[in-house]
Structure formats: structure tokens, C-alpha cells
Amino acid sequence: MAPQAKSGGGNRLERNDRLVRLALLVVAFSAVSVLLVITVFIVGQGTPIMFRYGLKSFLTGSAWYPSEKLFGLWPMIVGSLAVTAGALVIGVPLGLSCAIVLTEFSSKRVRGFIKPIVELLAGIPSVVYGFMGVIILVPFIRETFGGPGLSVLAASVILGIMILPTIISISVDSLQAVPPSYREGSIALGATRWQTVKMVLFPAARSGIIASIILGMGRAVGETMATIMVAGNAAEVPRSLLAPVRTLTSNIALEMSYATGEHREALFATGVVLFVIIMVLNTIANATSAKRRKQP
Amino acid sequence: MSGIAIEVRGFSQYFGEVRKIRALDLDIPRNEILGIIGPARSGKSTFLCALNRLNDLVRGSRHEGAITIDGLDIYGPDVDVVELRRRLGMVFATPVPLPRSIYENVAFGARRAGLRGRDKLDAIVRDCLEKGGLWEEVQDRLQTSGLKLSGGQQQRLCLARILAVKPEYILLDEPTSGLDPISTMKIEDTLRRLKAEYTIILVTNNTKQAARVADRTAFFLNGELIEVGPTAKIFTAPDDQRTDDYLRGRFG
Amino acid sequence: MRRLGPRVEEKAARVGLWALTLITVGVLVFIIFFIMRRGLPVLSLEFLTANPADMGKTGGIFSTIVGTVALTVLAIVIAAPLGVGTAIYLTEYTWGGPVTRVIRFGAECLAGIPSIIFGLFGFILFVTKLKFGWSILSGGLTLAFMLLPTIIRTSEEAIKSVPASYRSVSFSLGSTKWQTVTRVVLPTALPGIVTGVVLSIGRSIGETAATIFTAGSALRMPTSLFSSSRTMSVHFYILAREGISMPNAYGTAAILIIAILGINLLTYFIMNRFIKKYS
């Protein structure tokens, strides 16, 4: 056999491979570029006014009256925090219970029934949730507890329901990732299923569960339409669970369509604050996930 | 046409800092079956993957020394690796039929060789399945999924698949380790038939298989070639004590 | 405090967990039944094929259906190739070095950004600065960026689950990298990739905050990429919030839920059919 030098065909194939690689690299940077562009725009449009107005007064001022050039964001910051905390109070127990039942306490048939339902829950548009809140939850709160009904409580319940799929699916993944030997070892020692869950599985899956909660937080903080419909949107710090409240997201959505000039800049600045909060939450979530991956 | 087909000189293979093969010198004659035996992790599979440069796909892999196939230094700068891999067909330990029909599995190989046209493909699919000893069993169900075959049949399918690319060498890495005795026997018969047209290198954990099938046998231990020679000699009167110990089951 | 015995604790825990789970399931079932009961009667061929009239008080929702479809198609056409390409690059062409980390970090951050920020961004860039105005073009581009991270993530998972041995086989038969990717890896990963795209379609249908600020809320039938248009979710939102027409609102919501149900069913169908075919 004659020695096989590089044929013309081979050369072409290798060159094609390199071209493909380059093309894909460019494509792959699309996500990064988009992120960069978004960041640049939002930050670019929003930060000037933050510093012109004074960062401290912007973040801690409690008066938001755009017509009088007052841009105090504090009520909305409190609003977002309150509503998110409320969402967690509702969503975490429900979500974790569901996750535990799905992985530990149900047969395959039952699982095949509940899982699609959870996935369906994830697909329902946020406006539908908000609508249900307005039609059913808000009157209920008004009649049972008093107040306008449009409240922190209403928003918390609705958001809590909306973050369920996030918490459930990630927690289920974490629980399923616990090696079967942990379960078997615990049962072999005579523990009941619940004791196994409480003392073995939960600690083992802890980082994943925490990550799911943090991601749920991110989702709740970022939700707009549903909160607009049930939270009342008063730009004041809520005094109780039954008081109306406005979140950072609602702030932007409600006034964007008619805001001009400085007002519009202030809304972008609200976006910047929101952006920062989300980034922080995401980074923490990623860090806890990474810790989970490193776990034995 | 006989003679030395593959020459290995001073070949070492590294993955990062780990050396899997040490200073190997080996001649492999044409149209023979060379059996490679040795305990686990002795570098046998690594050696096979060095021949078709599949090791290059592992990050951090590097080598020293040279391997020459038909006079061509396979690690030379002008070598077309894709073409090289076509010339050395490889059958893996676990049968890996692609998730397609039997026909398409074999045709996949044929299309790699540049074949087009229904008639040509039909002919080569039949030809390769016959050579691989599988034609009779599957001729009337070529469109069923390759994954539905038994283990032994799947392995023969994998063999047929590589024949379709018209290789000159067939590398087999423990091809029958999970198979029942009948399938094993069928594959060994096939290899004996193929020897006339191809040069075959068979890595096996089963020393008896080497004794049955191989013309020459090489014994690897800890990444080194300890001994190589005609099978009969290796099995009855090996030169090296370690070879003898391994064959007698004193370790392994 | 006297500690409960393990048996009692077990029973209590089971009851408690199941109760909470049933509440979760119950909520969804309730929502669906509630909307369907009031919305299904409104649905008719007329409703689906007639345009809204009188601010949506009468008439149907046809123009909103068209708007939704147009936006979704545009978004997918942009996001799917970019997303799948990125996933291919991340899994097949890199080793996990700094480049991979940067790209992945970008995709994950993008995934966490709330829709209102996308709306804001789309408004400033597409509607205002690039002067596309409130249009399907602005909306589609914005939605595409929103869907990108999801498609990247699901495609990556699908490609990663292709067994490594398939690649070894392909290479050992003398294929190039690109041939291996297109002839072996992608076809095997296709069901997973398609599922991810279909789920993204579901997400874009339900998206409101991003579309209302980029595609606007015009009721009439869109005539070009530059027409403003209203999606079904936006229409539903406006009908409900302004109290224009409750029956029509329920009808729109019913269609939305049917669409989501259909999409979820489609993904199950795809996955099951392909899994059956190949194993």
C-alpha cells in the first residue's frame, strides 16, 4: 500500500470542521451578547438619574410622586420584599411537601398523575393566575379579613402558587439525586420513611432545595402581571398584610406607557434595582447548586 | 501478500501525567489474528485506541514513539485522521448499534465510504451482513431497529457495519465479553473467515479465546508488552515467568 | 414537651404531606375547571374566526390569534437556531474551559431576568431607538431573547444524554466531528430538542409583560411585521382589567389554557413516541 498522504478531500473536511467550529462559537456568544446589550441599556438608561437624584434618597425615600419629581423607591422595595417573603411562606411548605410526596411516598401511577399536573401548573400564563386572584381571592380576603382585598396577602398567595412548579421540580431533582444507599441504609436501621426524609434525605439534598427556593424567590420578585392585578398598587409602605402594596415590577409596568423624561429614567432606574436584586439571587442560587454538585 | 503490516517502535501513551503504555515495540504481520491478553488495566484497550488515534479525542492525551501502518507514520503531520480511522475498523466491548434499522446501521458505514444509490447500498449491506455472519438471521427484517437484536447479533451487526467502510484492519476490544457461548462461537468463526482479507487484532480478557482464535498472542502487563509469539508457543512454553503465571491463573 | 413516637410522627407526617400536596393539585384543577366552565360555552367557530369589535366587547379573537402566532413564529425562528447552535458548541466543541464558563454564565443570567425587564429593554431598543415602533418585529425579537436560555438549556441536556459510545462508533467509522454531530448526535437528541422548543412556544404564548411594551396592543389584524398587534394573553389582560367583557375574557382564557394543555400533551407524545421507537 502506498503511504497515505493527506488527500485533498481530507484537507477540505478539516477546514470545514474549523469553519463550523468558528461559526458555532459566534452563535454561542449570542446569549452572552444579548445579556451584555440588555445590561448596557438598562444600566445606561437608569443609572444617571440615580446619581443625579442621590442614590440614598432614591433607594430610601418613601415618597413616589413623579409629577412632583419625587422618586423614592423605598415603598416598592419593601413591597417586593414583603410579597416575596409571603410567597415563600406559602410556596415552600406546599412545594416541598409535593416534592417529598412525589419522590418518597407515591407509587409510579400516582406520580404519573401528579407530575403532569405540576408541569401544567408551570405553563399557565401569569395573567390567568392574576385573574383568578381578582375574581376569587381578593373578594374572599375582603369579606373575611377586611381591607380592600387587594393586598400583600393576596399577592403572596398568588405568587406562592406560581412559584410552586419551580420549587417542586428542582427539589424533586435534588431528592432523586440522593444515592439510594442513603435511603436503604436508613430504612435498614429501622427508621420510618418520614424519619428517613427528615434526618437523611433533607440534609443530603439541602443545597438543591435551597437553590430551588432561591430560584423561586427570583421568580416571585420578577413577576409582574399577576401582582398588578391583585396587589393594589398603592405606592406606600404596606402597614399590614391586608394593605395594598406595589412591587418594583408593577412600578415599571404601570407607569411605563405614559412616562416621559425624568419619570421614564426613574422607571429604568427601578429596573436597575430589580436587575441587581435578581443577579444577586441568581449568583447565590448558582453557588449553592455548585456546592450541591461538589457534594459526595 | 504477507509481511509486517504494523510496526510499533518505542510507543508510549500518556493521559495527562498518567502513563498507560510504556515503550512498546511490536510487529504485527498481515492477514493474521493477533490476540492481546493481559489482566485489567494493562493498556490493551488503550493500545487499540492508539492505533486508530481514538485516544486523540481524550483531553490531555499525548504520545511518544511511533506507529507505522503500511509504511505510514500515523502520527505524522500530514496524516488524515478521519481516513485512518476508516481503515481501522473498531468493534467495542459493548455492542453499540445506532438507534436505527439494521439496514441503516450498515448503510451508515457505507455512506461514510462515499457510497450512494439504492442499488449499491443494498448490495453492500447484503455483502457486509453476509461477511459478518448475520445475513441469514436478519435478511427478512432489515428495517427493524438494530436495538431489537440479541447481544450476539448486535455485535455481528457492529462487525458488518465496519466492514461497510472497507477497512484493512479490524480491531476488536473484548467483543464477546458479555455474550453467550453460541454467539461467541459465531463471532470467532467469522473472524477466522475474515482473516484472509483483513488483519485482525483482538483484545480479550478470555485467554482461552486467544488460544482458540489467534495466530499470534501478545501478553500485556501494566502498560508494557511482556512477550509476543505464536499462540501455541505462548500457551505451552512462554519465555517470561510472568506470562506463565498469568496463564496459569496465579494472578489476574 | 412529650415527643411523639415515631409511628405517630410518621402518620402525622404522611397526612400533613399528602394534605398539602392535594391542595397544590387541587388548586390547579380548580383553576382549570373554573375557567373552562365559564369559557368553553363562549367558544365557537365564530369566536375563533371573527375579529374583535367594539374594543373587544363583541366579536371574536381572530386578530389576536394571528398576532400570537406571528410573534411566536418569529421568536422561534430566531431563538431556535441560536439556542441549538449554542448548545452544540457547549457540548461538542469545548472542553469546559473559561470560554464555556462565560457562555454558560451568560445563558443562566439571561434565564433569570424577569419579563418586564425584557419588555423595558425591547421598548427602548427596538421600539424607540431602532424605530421599529410597536410591532410584531419588536415583539418577536424581544421574545426570541427571552426564549434563548430555555432552548439552550433543554438542547444541552438532550445532547448530553446521547451516549458517548455513539460518538466513539461514529468516529471509529471515519467520520469528521461535524458528520458525527449531524448524523449521529443531533438525530438522537432531536426529541429532547424539539420538546424544549415546543415548551418555549408555550411560554411565549402566555407572555404578557414583554409583549405589551413591544408589540403594543392594537386590536386590528396585523398586516406586516411592522404592524402593532395584540396577543391573546394581552387581550385577556385588557378585557379582564378594564372589565370590558367578562364572557369574552373567559373565552380567551379558555383558549389559552387549551393551547397550553395541547402543547404539554404534544411534548409527552414526542418523547414517548421516540423513546418507544428507539429502545
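Residue numbering begins at 1 within each chain, and the chains themselves are lettered A, B and C in the order written.
Following the convention adopted for this analysis, contacts are C-beta pairs under 8 Å (C-beta built on N, C-alpha and C of every residue); 3 or more make two chains touch, one makes a residue touch a chain.
The structure displayed is predicted, hence computed values, not measured ones.
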item: Farthest-lying chain, centroid of Cα atoms versus that of chain B; value: A
item: Chain closest to the middle, measuring from C-alpha centroids that were averaged per chain; value: C
item: Between chain C and chain A, distance of the C-alpha-averaged centres to the nearest whole Å; value: 16
item: Chain A and chain B: spacing of chain centres that average the CA atoms, whole Å; value: 53
item: Rounded Å distance, chain B centre to chain C centre (Cα mean); value: 48
item: Junction residues of chain C, two or more chains touched; value: 176
item: Chain A residues counted as touching two or more neighbouring chains; value: 13-14
item: Chain B, residues touching no fewer than two other chains; value: 82-84, 87
item: Partner chain A, residues of chain C touching it in the complex; value: 6-7, 9-10, 13-14, 16-21, 23-25, 27-29, 31-32, 34-35, 81-82, 85-86, 88-90, 93, 99, 102-103, 105-110, 112-121, 123-125, 145, 148-149, 152, 176-178, 199, 202-203, 205-209, 213, 233, 236-237, 240-241, 249, 253, 256-257, 260-261, 263-264, 268
item: Residues of chain B defined as touching chain C within the complex; value: 52, 54, 57, 59, 82-90, 92, 94, 96, 98-99, 108-109, 112-113, 145, 147, 158, 161-162, 165
item: Complex contact set, residues of chain C against chain B; value: 95, 163, 165-166, 168-169, 171-176, 179, 183-184, 188, 277-279
item: Chain A to chain C touching residues, read off their complex; value: 13-14, 16-17, 20-21, 23-25, 27-32, 34-38, 41-42, 45, 93-95, 97-98, 100-102, 105, 114, 116-121, 123-132, 134, 136, 161, 164, 168, 191-195, 197-198, 215, 218, 221-225, 229, 249, 252-253, 256-257, 267-268, 271, 274-275, 278-279, 281-282, 286
